[in-house]
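Dropping the structure in here first, questions after.
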Amino acid sequence: MFIKEYFGTIFKSIKSLLTGMKLTGYYFTHLNKIVTEEYPDNRATLKMAERFRGEVIMPHDEKNEHQCTGCQSCELSCPNGSIKIITKQEIQADGKKKKRIDTWVYHLDMCTMCGMCVEACPTTAILMGNEFEHSQYEKKYLKKVLNKPGSRLKDGVE
Amino acid sequence: MGLKDKLEFPGQIHETPDGGFVLTKLDDIINWARSNSVWPLAFGTSCCAIEMMHTVNAKYDWSRFGFEVMRATPRQADLIIVSGTIVMKMAPVLKRLYDQMPEPKYVIAMGACTISGGPFFYNTYSVVKGIDHIIPVDVYVPGCPPRPEALLHSMITLQEKIKNDAYYRKQVDKK
Amino acid sequence: MILGEEDYITEEGEFVVNMGPQHPSTHGVLRLKVWLDGETIKKVEPHLGYIHRSIEKMSESLSYRQYGYLTSRMDYLSAHINNLACALVVEKALQVEVPARAQAIRIIIGELTRIGSHLLWFASAGLDLGGVTPFFYAFREREAINSIMDENCGARLTQNFMVPGGIVYDVRPDFQSRVKEVLKQFKDNFHEYNEILTGNVIFQNRLKDVGILTKEDAIAFGCTGPTARASGLSCDIRKMYPYDGYEKLQFDEVISTGCDSWARYEVRMAEMLQSVRIIEQLIDNIPEGDIVAKTKNVIKLPKGEFYQRVETARGELGVYIVSDGGASPYRCKYRSPNFANLSAIPHIARGYKIGDLIAIMATIDLIIPDIDR
Amino acid sequence: MTKEELKDSFTQIFPAVTFDESGEFLTAIIPSEELLPVMNVLRTKPELYFDYLFCETCVDWKDHLMMVYFLNSRTYNHTLVVKAKITDTINPQIESVFHIWPTAELNEDEIFDLFGVKFLNHPNLRRLFLEEDWVGFPLRKNYVDEHMIEL
Amino acid sequence: MNILLSYSFSSLAAYFHNWLQSIIGNGILLTITELVIVGVVLLVFLILLAFFLGYMERKVAAFMEIRLGPNRVGPKGTLQIVADTVKLLFKEGFTPDAADKFLFNLAPGIIITTALLAVAPIAFARGFQIWDINIGVLYISSISSMAVIGILMAGWSSSNKYSLIGAMRCGAQIVSYELSIGLSLVSIVVLTGSLSLNDIVESQANGWWIFKGHIPVMIAFVVFVIASTAEINRAPFDLVEADQELTGGFNTEYAGMKFAMFLMAEYINLFVVSAVAATIFLGGWMPFHIGGLTGFNHVMDYIPSSVWFFGKTLFIIFIIMQFRWTFPRLRIDQLLNLEWKYLLPISMVNVLLVTLMAIMGWHL
């Protein structure tokens, strides 16, 4: 009885080990099963999912106009204060003073890509972009100003 | 942005006369070897560590660059990828790990937490606001957590830095 | 189970090893102080706080829309389920009716998260016990799940797909076909996990009769989730206190009476298949309609105390909110499953070998940031 | 047991209790000195048998600290919240329930760490999360810290 | 044609010897020069071999794990190991303060020396052998067990608790598995009646031992492969290093070049045990012959003997590598159980059977 059990254990063990080796052997001989995507070489074809949140962007149209009114709801909704909006008073053509953004500071180094600012924005002035290659040698390059120099608010956006 | 465009070091770029033919060649070879054989320390504290594991996995496979030799002991590692929040209690440990690594050693700050405290910047009493307060950082890769591709990108960026190591050091000395 | 004094007395001159804070088996930055006698463990003492990020304190200054996002960083493998708990407690307090469509999508994403989490556990359990290859096979499927998250939620790990009252945006039109595709891939490849790891005699011997956690101990230490279910304790919150429409679904609570590491392993493996079953019931029957119930712009909870529990991949997560009627919680406490599960480790690891401690850690599947919060 | 039955049996154990029924669970508020005897009965009495302490925490109400124990019975599946009021906020202390529910050990370490509540007869009371020399108890409402940057 | 068939390095070696003799003349100087030349050639060869095995291991692992493996450094990633080695060479050499400095620095030397010494009696091809010692089997098994001293030394002198545990494990492990290796080697020695590796190879001219249909020999082969995997501390028997448990075991404190020496020793050891297995059980450089089929045997003879040798060795290396990338690690008591409860009794019975066979003359 003991002998039977002893050899039974041995054969069962060897069988289980061979099952595993069969699987690794299978993949070793079937190189078409390799799933690797070669990242830096496939940059041309690499496409992020359209909803992927890589960074906050502020689209500007060809006239260098954005849609940010400076209402600061994004700044309020940001849970960790990655957004700082500095506003200024701009004198309109009709002489009225209006609040406009001066600099839209975006701390990419702190941003957690939660997307709450985009949800909160009433004028869809900001969007989540797909860019993910943000590596930098220096921290200071991660602090960004999103409104382009000389840009202004698009007409009709309040 | 191409990889080459990323290669902007602080300070101005000047052509410097070579120190000597043999030495520069040897330097080149050493830097080539170092840049292509970056062994990371198996160190992860939180979410970013999971994305680091994803970078190891078959789809992204950083072994293509020769990074797959993850060492559990700092003595044999060249690179420490700080993946995840560092808190005040962990800071001395991180410093010690960094000190235990033999030269030359590199640091990648992965994710918002390590760069600046990220989600834990305000109203927190225990989080270190950026690991550059503790150890020098070579490459910052923002994101929360960064995609595996972003980590790969940062490691390629680091490779570029190592390849131009001698030049980079000169720039630092000048400061 | 009452611990006696003698459990805390150690003799002088013993061999004390610090496992962690940086140790490959601790899955992060847990520090276990281990008293050894040769290879045998005499005592384990967990030291925490190497990733204590003061999430509870921070929650006291965040609004009810915002505070949930911190929980994605707690148990990052169940990020979606954690967010769900935070949303549910607000919905319960405000008595908001969540649209059926949002509920269904929440469950599908939640169960996908659970599968993904268990896959990562499988991978790292194999890795901890020295088998490198299962890691890659499991991550192939996890990667597929992650790409669904990427396409529909916008992030791979910390989805942030939840607002109180529903979900942020509707799923993409190809959601159903993609989920089915991934499930098919998962089911087709599931046998490989069994071949490479489950059936392996070395692996079985390393887990069997290791780290016995009896049912009484499991209750006494407050263990939940697969860890407790492997000790024969029925504790699935989805069955006991159904939330978000789980009561309408057919699935089994996987319970094993093995009490050892092997039972914990088997329970998790079986749970993956149950999650598949849940998703399959829902995926073709996602109701049409709204995805979010109307809530006020600034959410204010009524004065009082609210407790909501959900079943994450690791057990019972409780969110305890004390509200003073303001726009942010007065006190926010997370009852994290890993914290309780960890407290059992010193008890069950005693008397085993160092290698067994690794096996115990691997099968209890701790996420350290969830312990430290 | 239903809430009413729980209420009755609790009153038998400790008559001077006040109940709060606004929340999801029945909440009993007792003074901190009476904690241990009451908890012992709750744990051992066969028809109550609260063997599962699933959450233990503390709330700082500025003028007093409130210990909160969430109890559940795995056998009967009834839940009870016991609150113990600690009036001394300078030097708060309370009996440890570690000997009744072992899971309390780490929970009480945590509360000691973050609220400064001292647990008597705790086997290994230590700062769990913060360094030993940390000043103050962060989850107290009057905690100030130079590291903290207010948003 | 005959020249090709009996192609041997001995004539080349003799020619070389004569040439040196004509320059230096007889005497001690000649011996030393020859030794130095052989040593340098051997070292270069083994370093290249270690490079190749390192590359092979990474590729084999990658393909089994459905990924590509190194492919960016050099063509198809072939220069990956070169880069690693150069990097380790120029990394900061490091001796911890608390370490016993002498032993700490000596240990890698001992480990690599024992690994190199064991190469000496192996016949790489027909007539190509560094040292034709008549007790080759004994020599190899005794030399290879010396590695335990180096590992113990490394573990103890590091003054690191993980290293110490690793070293202690190593002691238990190597001492136990030494036994079954010895016994499985003995079974072939009994059949051939010689301890010389050359004789053992010659005895397989009309069929390799593994294919002669003797069941005890097959068992001995399996035992040898398992035990030698344990002997060289490779996964699943890598408890000495056990990354997940001991963060590197005995080599936790080693960095730079000293660590590279450990790595190199690991691959040379891997080569040695595979070469020994190939020599003893698979006929070494002997081509594959089937008794009676002369035409087939002739065709086989056309393939150079060194190709046969390296082919067989690489096959066994591949098997051992597949072990590593398939199985989880054993626990220390399972490891000892496997040896004392299974491998040792089996190989003891096996030796008895083989002896019986040899006495009765069944093996011829």
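Which chain is which? They are A, B, C, D and E, in the order written, and residues in each are numbered from 1.
In this section, a contact is a pair of C-beta atoms (placed from the backbone, for glycine too) under 8 Å apart; a residue touches a chain by one contact, two chains touch by 3 or more.
Source: prediction; values computed, not measured.
For the pair chain A and chain B, chains touching both partners: C, E.
Common neighbours of chain B and chain E (chains touching each): A, C.
Look at the CA centroids: the one farthest from the centroid of chain E belongs to D. When the interfaces B-D and A-C are ranked by C-beta pairs in contact, the top one is A-C.
Centre-to-centre separation of chain A and chain E, using mean CA positions: 50 Å. With centres taken as mean Cα positions, chain E sits 46 Å from chain C. Annotation: 25 Å between the Cα-based centres of chain C and chain D.
Work out the mean CA point of chain D and of chain E, and you get 64 Å between them. In chain C, the residues that touch at least two other chains are 23-24, 49, 52, 54, 57, 61, 69-70, 133, 135-136, 140, 143, 158, 196-197, 200, 202. Multi-chain contact residues of chain D, defined as those touching 2 or more other chains: 129-131, 138, 150-151.
Residues of chain B in contact with two or more other chains: 42, 57-59, 61, 64, 72, 89, 119-126, 144, 147. Interface note: chains touch in the pairs A-B, A-C, A-E, B-C, B-D, B-E, C-D, C-E. Considering their complex, residues 21-24, 28-29, 49-55, 57-58, 60-61, 69-70, 72-73, 76-77, 120, 123-124, 135-136, 139-140, 142-143, 146, 156-158, 368-369 of chain C touch chain B. Chain D meets chain B in the complex at residues 129-131, 138, 143, 145, 147-151. Within the complex formed with chain A, the residues of chain E that make contact are 60, 63-68, 322-323, 325-327, 342. For chain C in complex with chain E, the touching residues are 15, 17, 23-25, 39, 126-133, 135-137, 140, 196-197, 200, 202-203, 205-206, 353-356, 358.
Those residues of chain A that touch chain E in the complex are listed here as 10, 17, 20-21, 23-25, 27-28, 31, 33-36, 38.
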